[in-house]
Every structure is written in structure tokens, then in C-alpha cells.
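Chain naming follows the written order as A, B and C, and within any one chain the residues start at number 1.
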Amino acid sequence: MELLAARGITKYFRDTGTLANDRISISLAEGEIRAVVGENGAGKSTFARILAGIIAPNAGEILVRGKRLVGGSVGEAEAAGIGFVPQQSLLARSLSVAENIVLGREPRSVGVFVSERKAYVESALLFERFGVRIDPDSLVSSLSAAESRQVEIARALARGGEILVLDEPTSILSESESERLFELLRRLAKAGKAVILITHRLSEVLRVAHTVTVLRSGSVVADKRIEDADEEELSGLMARSSYMRNTSAAGQARPEARRDEAVLAIRNLRLAPGAQRISLDVKAGEILAVTALAGNGLQGLEDCASGMTRPRGGEVLIGGRRIESIQREKLRAELLSYIPSEREAKGLCLPCSFRDNILVLRRKEFGFWDWIRSSARDRAAREAAFAGGLKASPRVAVSSLSGGTRQRLLLARELDRPKAILILSEPFQSLDLSAQAEASALIRDLAKQGSAVLLLTSKVEEILGLADKAIALYRGEIAFEGPIQGPETARTLLAAMTGASRGSAA
Amino acid sequence: MLEGMGSLAFSALAASGPLVLAALGGLATEAAGSLSIAIEGYMLIGAFSAAACGQATGSFGLGLAAGAVAGMFLSLLVASAHRYLRADVFVAGLAANILAPGLASVVSQAAYRTKGVLPAEAIRSNPVVILCLLAIFSLALALLLSKSAFGLRLRAVGEGDDIAKAAGIESGRYRFVAHIIAGASSGFAGATLAAGVGAYVPGMSTGRGWIALVAVFLGGRRTAGVTGACLLFGLLFALANSAQAFGSQGQASSAPVDMTELLQALPFIATAIALTLWKRVERRGRETR
Amino acid sequence: MKLGSSRAMARLAALTAAVIVAVLYTFVASADPVMALKAFFIGPFANRYSLLAMLESTAPLLVCALGACIAFRAGAFNLGGEGQAAVGTLASALASSALERIPGLPPIACIAASIMAAAAAGAMLALLSSIAERSTGAEVMLTSFLLAQAAIIAADWAIGGPLRDSGANLLGMAMVPERLRLPRLAPPSPLTVAFPISVVFALCTIFMTKGTRVGMELRLLGKNPVFARAIGLSPGLGSLAMAMSGALAGVAGSFLVLGQAGRAIRGMTGGIGWNGLAAALIAGSDGIGALPVALFFSWFDSGSRQAAMLVDLSPDFSSILKAAALFLITAKLAGDESRKPGRFSSKAGT
């Protein structure tokens, strides 16, 4: 009998207007490891959380051993045997491994007191059974990422988990650590547990899963047994169709990079544990795109390149000078345009006014009286808004603006003139297609005027027709580097991003 | 000489006693991730209530119990404001600290027609007895925090609401209880202050509640460390007092204020330095990419 | 802006509710509630003396509250106001006594210098915390409190000990001569130039927060420090805010010394730092509400004292009102306006 059956799961998020899951159906038998793959935003995480009971679906049903679950309750899901291991570790770092495992169901010695011994024994037995080699007395804070992952899985099992849902478990693990995790999963499967593995790393999927479901834009586009699956076919299925449209713009002639020396030079950055250090250059007039799926080092690259984080052992040079040596105010006002991917955290002051946000880099242009009377600043804000194709009243708080408007605010602020370097991370988020096209044109124009552009994104289709060169990162290392030459490049990039070109293990 | 040291040791213990209990209460809230700064207020209202109740009932036991209850009520105010009205814990704690002396004064005036010292012979007692009571309760609280299921869950709650939720623990409830514990323990500690002299003197907590909080941090937020820090502070106070007494014996004019008074600043300076150094070490060791 | 008026409403509601508490209390606790209420509501305004005395006592409180507002705006929680005021009293008294001996200096210069000395002392104490934070990340909230407590002990010791005026029968320094104290505006009332000066400070603060670039930058820093760093806001801004905050608290101390007391007395700050913080929390970070809230607090104090003198109520009952207002103001549903102060502990949660 089927251990788990999800039928017609649909989830619509009203506040963002997205249909995250569209009639997804999946089945799972005892001892089966099923991979659920898809690009960022394909709906994998939402589906995982529905299974875990964290959110309730709008439609559809979940059956465990034939028994229907109401949904939307973590307690119910756990009682039914569904254990969820989220992407970010939810272990209590100041407690020991054993304490974490028994947390909430602590074995007692006398009355209120916890029996440390019983907790130890319980954990040790569990670890023994599945070949986990961790000392239950060690503190979680001393564990490596891989060990934490294993402890989370053990905890889910200890709480009665028969069906484990793992959300991107290998995102912070090295190759060898991932392999050890897969061994644990294989042992679990042999013991009759079922595993749903949410991931975007195709090559791994092929190593450990028995079956694979491909999600794209919220729907199931493929459901195969691993023996019947082909890596290239799968990665092609994962990609959204829209990038096919953009490929028409690919291959268009672009003016050669004007100067030969690198305006932005990144040297010897280590972007993931155990990864090789990478270096890259961006020249004036060049648009270099770096693509990677979440968890493969893109955020780290952004943080270092923009000067927000100091790299350990590597360096970032702007026009030959180390970024730390340039006064940041001058850097941002004159040399560097930066659009962060974490827009609200690093790019905006939500409670502040639209005017203050859009003019913040130009604040020194205004004189004493302009700060007392706001008319000059209001006017400047309106002009900037108009130039950026936005409509917003200067005094309105940014928190009340939509995501699309906020993004356009950032674009208007940062792309108002061709500064030496543009670091744009997910610059097209929240934008509709026409706004995206406008923004692309603007970026191309700035490059033509001499800006060096570093474009960071996880969506391959956005860079076609825009970038001259592309680098794909996988696990923090360069998996592909080369010029954009049309739609084939897109496929190559995607394959590199998912680790396909690494080749599957035996 | 030995006798002098013995009495010094004893007065050090006597000074640390209330600190330990109050500090452990504060530790409970800190462990839960919701530090209560109202310890000072709880101690004050506890001292007052003990004296008031002692005077009214003539009972030692009831008086001390009243101190704990009063502290509990005040903490109930803070915890409820935080949990149900979404008040900020810091501001609510500040309000409690401002409220406590005012409340004490007001009730004192209304019930006993005095705003000054409120004598309560009934609660005056042998310091050894008080110390034993404090030790027992402190030990119980320390065990609760470090060895019980409640303490374990409390610490998990302090790491984050989502971390607690992942283990099936409802954070709000545990934080609430932590605050009540802080109120009860600090209130009782305050009551022992009043019991020590057999009266309530306005403002008699003299910043001990703050010292208890300082001890929480100096002690590295662990029961053993916090207790150690309190013992250290108690020793410092005892030293300051005895040096003062010793000094004024040999001096011609009785200087009411003594050099050794500056010793009382030591706990604060020491903690400030320790915290800064600790942060420095932390920052150096933190990983960057 | 709509948002602004709802904040003002919330503050008014909190203060009004506090007043209602006062009314209820008088009915419960006093044998003669009508008399008590008259004393509370009308007493402070009944005659010129008490009205002017009320204004005078507002001055140091207002200035402390302004300091707390500025720190609050920049996202730092300056908990050391009490200590900064204490070193202010010491510095002011020392400056005055030193300047007294120099012949030929116009009194106004001496008074100004004395106030500035107090401001400098308070600023330096506050800056210590800011420096510690910039170099190590130690939370300003914690260090400002700790250093201030140590400063209070040190100042109290100095004033009551080596610097004590042995002739006097209280623990204080020598009197500052009449001509070097703040000029009285309306004798016999205690009103001095301190009050108008504090109002000027309030206006300057409002001007700074609302009408200068620095005011906007401070707000940015307070609302999203990561963003502030990303766009290159000067790292010295936080220190500037702390220095201003400490300076204002120091000035409050000098007002106490150069005002009615006429000398530095051990323990004279009497909770002004905490009251100023409480007032700032109710008033909000732009400083506009600081004067009204400080006046309310002064009225609470004055009214309670008057009621205590005439009837059987306790004068400390103003604390209850302040506490009530604080509880109410923090029990707002929108978390947007009042930035949650940085927590003591480095753990996540709440």
C-alpha cells in the first residue's frame, strides 16, 4: 500500500498573487526515495511545507496509509509520521545533540528532572541503527553542517517519522558530506522509511533517488523512475519556457569591451566550505553574468563584491585599489552602483519616505535650505521617479509600496548614471516583463557608456540578450565560464548550475 | 585575624545571598530570550511587601511569602503586557521599575501613614536562617534551570521561536513563566533584605537588582558562573563595608564617605571590560567568507 | 501624515489614561478625593510660584529626554543618562569653582563654560560606549548602563568625599556663588533661564531631526543599520548621536547644580536619567513630543506633591502615573514606529 499519497495539492498565495502549487500529485511507497526537483520558485518549498503541515493547501488531499489528513497542522503531520527537515538548521545550538533529540519529549529521572542518561542512550541507539557517528553529548554548536543535518534527521525519526521530507539538505554540504548523507538516506530506505528529497541539484538526485518528480511553475511536468530518467532531459524540463523566448535576443552583436584592464577584480574567494578559491574580472563596458542556484555561493559573492563582507584570504579590487581602502560613502556615491538581492534588508529603509530612499545617494547635493524646506527634494524625487518610470508620491512610506515599485525604486536610484561598476543582484525580481525589458535596455546602455557590470542571478533566462559572458557556479566553484552564444549556452549553463556536467557517480 | 576573616566570609555570603536568587531569576528570563530588567523593581516591592505584611500579620513566614507574591504580581503585569498587549519587554520592565517605589510609597502612606521607614520586627530574623532559606531556594532554582525539562525547553525557547516550534514547544508560554519566576525569586530576595534589618527603608534595594543583572552577564549566562559572580560581588561589598568600618576606627574625623566606596563601582567596570573583551574575541574568531 | 497623527493620538491616549488612573486612585485612597483632585489638577497652576516651579523642574527632565530621543533615533539605547547627568553635576560644579577664582570674567561666560563643561563630561562618558561598540560590537545598551553606574558611584564619592564642603551639613560641594548660577527670571519662584534654554534645545533638536540632512541620516541609521552601511552612511554618525545624547544629559546635571540647589549634592540627579528615558519613550524619536511629555511628567510630580501636602496622598504617586503611561504606550499594536531596542542578549527570539 502507498505510504503517502498527495493528490491535487493546490496553493495560491493571495498577497503575492502567485499560484505556488497547481494540482500536484505525488505518491510514495515504503522504502522509496523520491526526489522533487525544480528551479527556484518552482513550488518545491511550498509543497514541502504543505506536507509538513506548516501551511494548509487550498485544495487537494494528503493521505498517509490511506488515512486523510486535515492539513495545516504540524502536530497532525507529525502524528501521522511525517518528519520535516528544513533547509536552515532548527537545532538549539547551545544544547547538546541528545538534548535536541529528546526536546519536547524528555525522558525523566525524577519528576521534573531530565534523565541525561536515558537521553544519551536513546540517541546512541538511534545513531547506531543508522550508522551515524556523532557523540550525543557534544554541543550542537560544535557540529559541522553535515553533522547537524544528520542530527535533524535523527530527531525527525525519533519523533516517530516514517516519511522524511528534506528541504535542500545538501545546500550547505560539500560533496563528500553529501555522499555520507546519501548513505544515511539509503539505510533509512532499506529500513522501510520513505524520503522526499527536495533539491535543485540534479546530479545528486540521480545518485540517490529511486524516483523523481519535476516541478515547473507549480505543476508536475515529469514523474519518472530514475532508470528511465535522463539528466539532460530533466534539466531541460526544469527550465521555464520563457527563456526560450529571450534567446532571440541572444547572439546579438555587442560592442567590444573598451578597456582591457579589469575595473572590478575579485581574487581568491572561497565561496563554499571545501571549495576551490575563485577569481573573476569585470572590464569596463562588459556585462558579466554569474549564475547559480540558491546555496551555491552567489550570495557570498555578492556580499564580498559589494564590500559588505570582508573575505577571508581573498580580496576585491576596484580600479586596482582594495575595496576596504576606499571610503564607502565616496564608493557608493561615485564609483559603485549596488542593487542587493535582499532588497528590504540592504537596499531600502522601509519606514522612511519614498523621497528619502530614492535620493539617499545624492543627499549631499542638497543644501542647507533644501533640508528645511522639502520642495527641492520633493521635486528631485518626482523627477527621479519619472525618469525611472515610477509613480509614487514623495512622502509615502516605502513599506506601503508594492514589490515591483520597490524594485523600480532601486533601479531608478542606482542606475541613474554610468558609474564605474554596477553590481546587480537579482535586479529583475518583482518586475513584470515589460519593466524587465526596460531595465535590460537601461543596463545595456550603461555598459555601452563604459560601466563594468556584474550581474548576479539564479535565473538563466534573464541574462540571455543582456550579458556578454557568463559564469555558472556550483558548490561555490566555477562550473562553466564562457561567452554567451545563443540558446545552447543557456542549456549548458543550467546543466552546470545543477551539477550535471560534473558527471554522476557510479 | 581568623575571626575577622570568618566574619568577612560570613558577611560576604550574607551579601551574596539575595543577589544569587535574584540573579537566577533574571537568568531564567535571559535564557528564554526575553531579559527582564525589572529585577530591581521586583526586589523593592518584595522588600516593602514583606515589611508591610510582617507588620500587619506579625508572621515571619507570611511576610517573606508576601514578598515573593508581590514580586510575582508585578512580573505578572510585565509578562501579560508583553504576551497579550505585545508590549516591549524592555519598556514594560522600565515601567515596572518606576512603578515599584511609587507603589510602595503610596501603599505605605495609605495604610501606615508613613512614607519613610516601615518597621516590621516580626520579620527580623537570624541572618543564618535567612541565608539558609536563600540557599535552598537558589539551589532549587538553579537545578530547575539547568537540569529539568522545563529549563531545557526554556533554553530552546531562547534560541528562537522557530527553533522551539520545531520541537513542538510553544514559546510564549515558557517566556511568560520565566518572567513570573523572576518576579517571585527577586521578590523573595527583596523580602530577605527587609528581614535582615527588620524594616523597609525606601529605596533599600540600592541597585542590587541591577547588580544581579550584571552578574547574569558576567557569569556568562550559566547558573554556575552567575552564582560565582554574585559571590564575588558579595565579597566586594563585604570588603567595602569592613574597610569602611576599619578605616573610620583609625581616623580622627568620621568621614561618612570613604575611598572604599569606590570599590562598589568595580563590578560595573569589571563587567563592562569583560563584555568588551569578550566581544572582541568573538569578533576576531567569527568567520568571514 | 496620517501615520504621524495616529502616533500623536497614541501618546495622548496613554497620558490621558494615566490621568484617569490618578483620578481613580484619589477616590480609592483618599478620605477627601475632591480636595485631592483639586490639588492635583489645579494646585500646580493655582499660583504663580507653583506654576513657575513646575516649569523649572521641567528643564532638566526635558533636556535628558531630548538626549534619549536622539540616541533612540539613531538606534542606540543610551541607558546611561543618569550617570551622564551625574558627571555633568560634578563637572559643572568644578568648572564653576575654578572660574570663580579668575577675576574679571563676565558671569555669563562662566555660566556658559560651566554648562559646556557638563556637556563635555556627559558626552565623553557616552562616547566610551560608542567607541567600544565600533571597535568590538559590544552593545551600547549594556556598556552605557554599566559605565554610567560606575560614574554615579564615582561622582557621589567625589562630591560627598574629597570635594565635600566640610562646613555644610549635607553631603555636597561648596555653594556656587549667586552670580555664577543661572539667573532667576521671576524671583521668588525658582524659575531660571534653564527653562527657556531647555525649550531652545528642544527646538534645536526638532530642527535637527526634521530639517537637516544629519537628522534624516540618523533616522536611516536607526531604522535599518545594514542599509545604512550598504549606502555608505558615515560610521561616525552613531557616535555623534551618542555624544549629543550624553552632552544633553550632562547639561541636565548642570541645570540641577546651577539652579535652585546652587551646588553639587551627592545623589542629586535623583532618577532624572530614567525619567528622561521614560519621557523619550513616550515622546518618540523626533523630539516633537518631548516638551509636552516632559511638562506632563512635571505636572504629575507637582500635582502629586501638592495633593500630598494638602491631603493624605503620597507624593510618590506620580511614579504610578508615569509607569501607567509607559505601559500603555508600549502596548501598541503596530510595531513599526517604535523600533524595538536592541536586546541585551545575543540570542535570537522574542
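Going forward, a contact is a pair of C-beta atoms (placed from the backbone, for glycine too) under 8 Å apart; a residue touches a chain by one contact, two chains touch by 3 or more.
Being a predicted model, the structure only gives us computed values, none of them experimental.
S.K.: On a CA-centroid basis, which chain has its centre farthest from chain B's?
M.R.: A
S.K.: Can you check which chain pair, B-C or A-C, has more C-beta pairs in contact?
M.R.: By number of C-beta pairs in contact, B-C is the larger.
S.K.: Let me have the rounded angstrom distance from the C-alpha centre of chain A over to the C-alpha centre of chain C, please.
M.R.: 48
S.K.: Distance from the CA centroid of chain B to that of chain C, rounded to the nearest Å?
M.R.: Spacing between the chain centres: roughly 26 Å.
S.K.: Would you please write down the residue numbers of chain A that are in contact with two or more other chains?
M.R.: none
S.K.: Show the residues in chain B shared as contacts by 2 or more other chains, in ascending order.
M.R.: 159-160, 163
S.K.: Which of the residues in chain A come into contact with chain B in the complex?
M.R.: Of all residues in chain A, those touching chain B are 74-75, 78, 86, 90-95, 99-100, 103-104, 106, 108, 112-114, 269-271, 300, 303-304, 309-312, 314.
S.K.: Which residues of chain C touch chain A in their complex?
M.R.: 1, 3, 207, 211-213, 215-217, 219-220, 223-224, 226-227, 229-234, 336-337
S.K.: Across the complex, what residues on chain B touch chain A?
M.R.: Contact set of chain B toward chain A: 143-144, 147-150, 152-153, 155-156, 159-160, 162-163, 165-169, 287-289.
S.K.: Can you list the residues on chain A that touch chain C in the complex?
M.R.: By the definition above, chain A touches chain C via 306, 308, 327-333, 338, 340, 345-352, 356, 360-361, 363-364, 366, 368, 371-372, 395, 397, 399.
S.K.: Show which residues of chain C lie in contact with chain B when the two form their complex.
M.R.: 25, 29, 77, 132, 135-138, 142-143, 145-147, 149-150, 153-154, 156-157, 160-161, 164, 171, 266, 274-275, 277-278, 281, 308, 312-320, 322-324, 326-327, 329-333, 335, 338, 340-341, 343-345, 347-350
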